[in-house]
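Each of the next two complexes has subunit A plus one other chain: subunit B in the first, subunit C in the second.
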Partner chain A sequence: MGAVRTAAYDGIHARRAPLLSRVVPYVFVCPALALLLVVTAYPFAYSVYLSFFRTPSESMRWTFTGLANYRAVFADPVFYRVVNNTVVWTAASTLADLVLGMIAALAVNNLRVCRGPVRAALLLPYVVGYVVASYAWLWLYQGDYGLIDGTLTAWHVIAAPIPFLSSLALALPALILTNVWKTFPFAMLMLLAGLQTVPEQLVMAARLDRASSWRTFWEITVPALWPVLVVTAMLLALQNFHSFTIPWIMTGGGPLHRSEIIANYIYNQAFTQLDFGLAAATSCIISALLLAFAVVYVRVLGRGASAR
Partner chain B sequence: MRAAREALRRTPRSAVLLGLVAFSLLPFAWMLTASLEPPQALYTAAPHLVPRPVTLANYASLLSPREQGVYFPRYFLNSVVVAFSTVALALLVATPAAYAFSRFTFRGKGMLMYGFLAQNLFPGVNFLVPLFILMTVLGLRDTYGALIIGYLTFSLPLNIWLLRGFFDGIPPEMEVAARLDGAGVVRAFVEVALPAAVPGLVATAIYTFILAWDEYLYALTMISSADMRTLPLGLFAYFSEGVPDWGGLTATAIGMSIPVVIVFLVLQRYFVSALTKGALKY
Partner chain C sequence: MTMTRRAFVEAAGAALAAVGTMPVRGWAAAGDYAPRRDLTGELTVWDWSAAPDTYGVAQQQAFYHWFPEQHPKLRFRMTMYGYTDMLPKLEVSYRGGGGPDVARTAIAWSSRFIAADVFQPIDLARLGLSAKNFWPQALQTVQKPGDPSGTLYGIPSNNEAMMLVWNKALFRAAGLDPAKTPDTWDDLASYSKRIHDKTGQAGFGLVAKLNNGNTPFRFAPVMWAYGGSIFDELATPTTWKKVGIDGPGTVAALDLYNRLFNVDKSVEPSALNDAQADVATLFLGGKVAMMIAHPSDAAQAHSLNPSIELAAGLLPRGPARRAVVFGGSNIHVRKGASNMDQVDEFLRAYESPNWNARLAGLGSNPANRVAEHAPAQKERDKLLLFNDVTFEMIQYGVNVPLVAQGAHIWNETIPTMIQKVLLKQTSPQQAAAEAAADVRQVMRA
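So, the complex of A and B:
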């Protein structure tokens, strides 16, 4: 459809002014392209360049060191701890987003009254953003007068407040919960949009055949939602992988790097250790990983499209 | 498994929904309580959601400069300038590009579109060091300009992608008719296509605004002086002296949320369409 329309519109000015019509699209794209080069292509290339240099912070004299920065990254035990944290953070957040998002989408979809207000209330954490989410949960997790610890001690569930954010084992899960609170509404919204495309006759037919709602869900709703589910999972995985703000504000990555994720790690290399070359090397490693992910993603989507 | 299934069936849907709504809203309620109470009440009584006694002192203090350099109105102004400029610049640059991607076929189109999309693949932190050096060289560090340019890393691909989707949804017949009547390409774009795309422009603007309002990483890196801080950075000032002032902090966080929540509630329909349509086009 899109192709036919484009062709029809193209045809008009191709007949009138062939040369002009060939230039016009580039004129339209040009300003955006120029800015893209400044904010993406240049930083990308410069990062690769920088990653091969020793960049002492006290002088602007940079010396070529080959792969030394890369070797330094791979020799850093904290790097492996952070990669591990990032995998746990991304996988757990994305999975929880999808499960919670699906439950919310189904519940809202079946709602007869107050659908708008309920959807708005559920979207609120997404709208206010990462910064407000971080401070709100920092306050919830407060040891002495926070809602969680305060309530649990007042009800004598626990004898003493649990220091969630300074606990080696609980810091990362506590941050993941905050992240899920902030990001699950996106999954809900996407799946809610997807649910509108599930053929109602099929659901009705299954109900008439006395299929349980559990079976109807797995054998009709999920397959129909599958393309939306895959896209949502990919987008959320990327977004969660890119996260910086929640760990930075709530724990600073601590205690002992237990809640530090890759964006915090690169930021610290660049602006705490003031080692730009090292940060650039880590960025390049991450970029390579993400490019590989993108290739797989396009392949998977391509296969899905051809199968259909 | 069967037990779980049974339990699931017996739980009324409304209870599930109630739980989810409580999960979403409780953190806000808890902040609201703290922002409406005097500090003594906050730190002595057992946790409670109904503030007693109620005071607006925390909100009043937002409007008066305080000794440790917390100036809410200034942060608010900085955030407004940066967020609006980001929205305006992104729309200005992205709209013609998105139109070209939607309406024309030209050599290198596919590659260019993937070039814009590829930006989304990488975390903002990857562009940070080179942009920091660039802004230093240009003398733009610690200015609005550094943030507005830095925010293009996410606003540009988002705007191009969303707007292309919205243009795709507008039938080109009107533009074809205008062209046959002798209008130029630019006139067909400005006078015919743009008015039809207004809902898409509004949706895209809201989404960009919400992201720019919340942006933290670039602001943290590029801004060093207190009077240039945006709201997300301004919140940190409450931790400057040992014990955080939770009343002031929560009042600021709520003050910061109000504009985006109002924009969202008033224009919810547009925001939802931007979020779902843009993503489902991938």
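So, the complex of A and C:
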């Protein structure tokens, strides 16, 4: 009996099965989607809403002010300084992370002995907490008795200590160096994993054709690594863009905002000056900029992937 | 017998904690506060921790353990925040229409909430207290600026002032009398230069970091001493409406900073990036001879480096006056709190002389001046270093800007003004003028 199916049964089943299979995935996605809505979409929408209100310190009431907060942000010269700092910080850190990460990954990949210990040593900065790293570097840079100035002075490289963190010109580069030290192991880790997927036979073939190491690297390794490089660069850029701890602890954004980056700026607006409307407007502006960057980047990424 | 620094700190901490918890029952039995054990209802309190003051933390723990114990029928909820967390938490909760029934805030935070009409008036008489119990400056911090009624929107919980601390060994090495404090700010600059020239160490620890509350706390006393002001805080009555930061007193104070940092170079070169904790570390290592210190800084310096020869004196005076930032905290009651019986009971306990003395920790002094003669204060005196000095400084206390926009002026405007001068970006006159423009803009906005 079970084997006997009527045409009517088959017809109904044929209609129902696709519907069920269409619905079930949504059911499974629902919890994650709900969580995402609560922890991401709602705060984002609320920030956009808040950015149109004045939240004055002398009153608990909000006043709708339209685009006044946005105008205030664009009228603040410090904002442009901070955006400039953030672009320099993100670009320099990401580039240096990738270059150093690539060098370290190639070195570790070619090691025949002690690969484990060397890899562990190179990963050490990555596992050190941001606060610990910031304080360690703060004392390395310390203008009076820091190790760097002390050593350079003792070796007669410099006549007087260099106040790295209180210099208008050197504060940001000094912080970028600290950030690169902290984040390049991530690039190394990603690229090392990528290097291990580069087809060995292609490298061997290039060698048989007497291609130089440099050419092999550019013609074989880099193209094979390209998707990993693109993803790593994007992750690092986002991570660097959102940095907060290192500048906050090491300089507080000083001197004269020369080392202040966007996360510190927004934090100050919100939690030091307690101007939530202004902070929300700045966040929205930055989100829009990031979104534009992400769209361009995803297109580049897509092109790279399809080329591959 | 030798003792490692770690062992000393641990032993000192344990001793202080023991002192903190041991006499709870004895002092409570002294009769200055009689708990209403039948009190029912609910009470929510937010406070911030006295850390790193070990003694202060022990007192807070003892009090918040003891108070609900005395009121077994009261549903008592207390949340202890870190100092830096408390302000944003309060701001967000009050803006959201919630917040605790009772909250303790730093003086600098009170004015914004009072201006925003978040707190309800407090009647001292109902608590068995009067205005005479408190420093006049302390009462000013819980009033609405320019309000002739004198209504209090809070009650001072503790008050303190800073002092000048120095390393006697470095004074001796520079040929200075180690017992003699520099009398004027000019003297301090001369002392600083002499120490630097003779010993190679920084004569004075200058704090000039951006976005750092320590910076204006140490600059304002110099500015006031030279007759400068941010608004009209040196006038009576203070209106907080006239912007005066571009006056000659501020310029003179900036000149002094410039002399110390750029001309004499007698302060630490890292001053532009130094918070008080950095200066204190250098002081502990014998690398800085003088610093403006909080009452607890001296005790901490002594416990971390007992070999350092500490001395303390009043902050120097200027041509106009001797001045210091009037520091401390207030307790406030949320407007609309319907459980006033419970609130009053808490305030009575907190302000009772023995508890008020103990809860001041080693970093402050009791706000209720009756507590200066409480048995607990006598016990506390044994633990305090130079309390007579900081206590004497309180009378010279001047309030921070008691305006809702104070946080911006204090943390952004003043440090920026100082950094412009120290980095030679502008002249002191120009920096002061730009600061005045910034204050006016913030106040207009």
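What we mean here is this: the second predicted complex is superposed on the first by the 268 of 308 C-alpha atoms of A that agree within 3 Å, B and C clash if a C-alpha of one lies under 4 Å from a C-alpha of the other, contacts with A are read in each partner's own complex, and residues count from 1 in each chain.
By our rule, contacts are C-beta pairs under 8 Å (C-beta built on N, C-alpha and C of every residue); 3 or more make two chains touch, one makes a residue touch a chain.
Because the structure is predicted, anything quoted here is derived from the model rather than measured.
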{"item": "Touching partner for A:Ser57 - first (subunit B), second (subunit C), both, neither", "value": "second"}
{"item": "Which of subunit B and subunit C A:Tyr145 touches, first, second, both or neither", "value": "both"}
{"item": "Partner chain(s) touched by A:Phe271 [first = subunit B, second = subunit C, both, neither]", "value": "both"}
{"item": "More subunit A residues in contact [subunit B versus subunit C]", "value": "B"}
{"item": "Touching partner for A:Asn84 - first (subunit B), second (subunit C), both, neither", "value": "neither"}
{"item": "Contacts of A:Leu168 with subunit B and subunit C, given as first, second, both or neither", "value": "second"}
{"item": "Partner chain in contact with A:Gly252 - subunit B first, subunit C second, else both or neither", "value": "second"}
{"item": "Doubly contacted subunit A residues - partners subunit C and subunit B", "value": "142, 144-145, 270-271, 276"}
{"item": "Partner subunit A, residues of subunit B touching it in the complex", "value": "5, 8-9, 13, 16-17, 20-21, 23-28, 30-31, 34, 42-43, 46-47, 92-94, 96-97, 99-106, 109, 112, 115-116, 118-134, 149-150, 152-153, 156, 160, 168, 171-172, 175-176, 179-180, 185, 189, 210-211, 213-214, 216-217, 220-221, 231-232, 235-236, 246, 249-250, 253, 256-257, 260-261, 264-265, 268, 271-272, 275-276, 279-280, 282"}
{"item": "Residue ranges of subunit C touching subunit A (in the complex, touch as defined)", "value": "87-88, 91, 94-95, 112, 115-118, 202, 209-212, 268-273, 275, 282, 285, 287, 404-405, 407-408, 411-412, 415-416, 419-420, 423, 425, 445"}
{"item": "Contact footprint of subunit C on subunit A as seen in their complex", "value": "55-60, 72, 142-145, 161, 163, 165-166, 168, 250-257, 264, 268, 270-274, 276"}
{"item": "Residue ranges of subunit A touching subunit B (in the complex, touch as defined)", "value": "2, 5-10, 12-13, 16, 20-22, 24-26, 28-29, 31-33, 35-36, 38-44, 46-47, 50, 100, 103-104, 107-108, 110-111, 116, 118, 120-125, 127-133, 135-137, 139-140, 142, 144-147, 150-151, 154, 181, 185-186, 189-190, 193-194, 212-214, 228, 231-232, 234-235, 238, 241-242, 244-245, 248-249, 262-263, 266-267, 270-271, 276, 279-280, 283, 286-287, 290-291, 293-294, 301"}
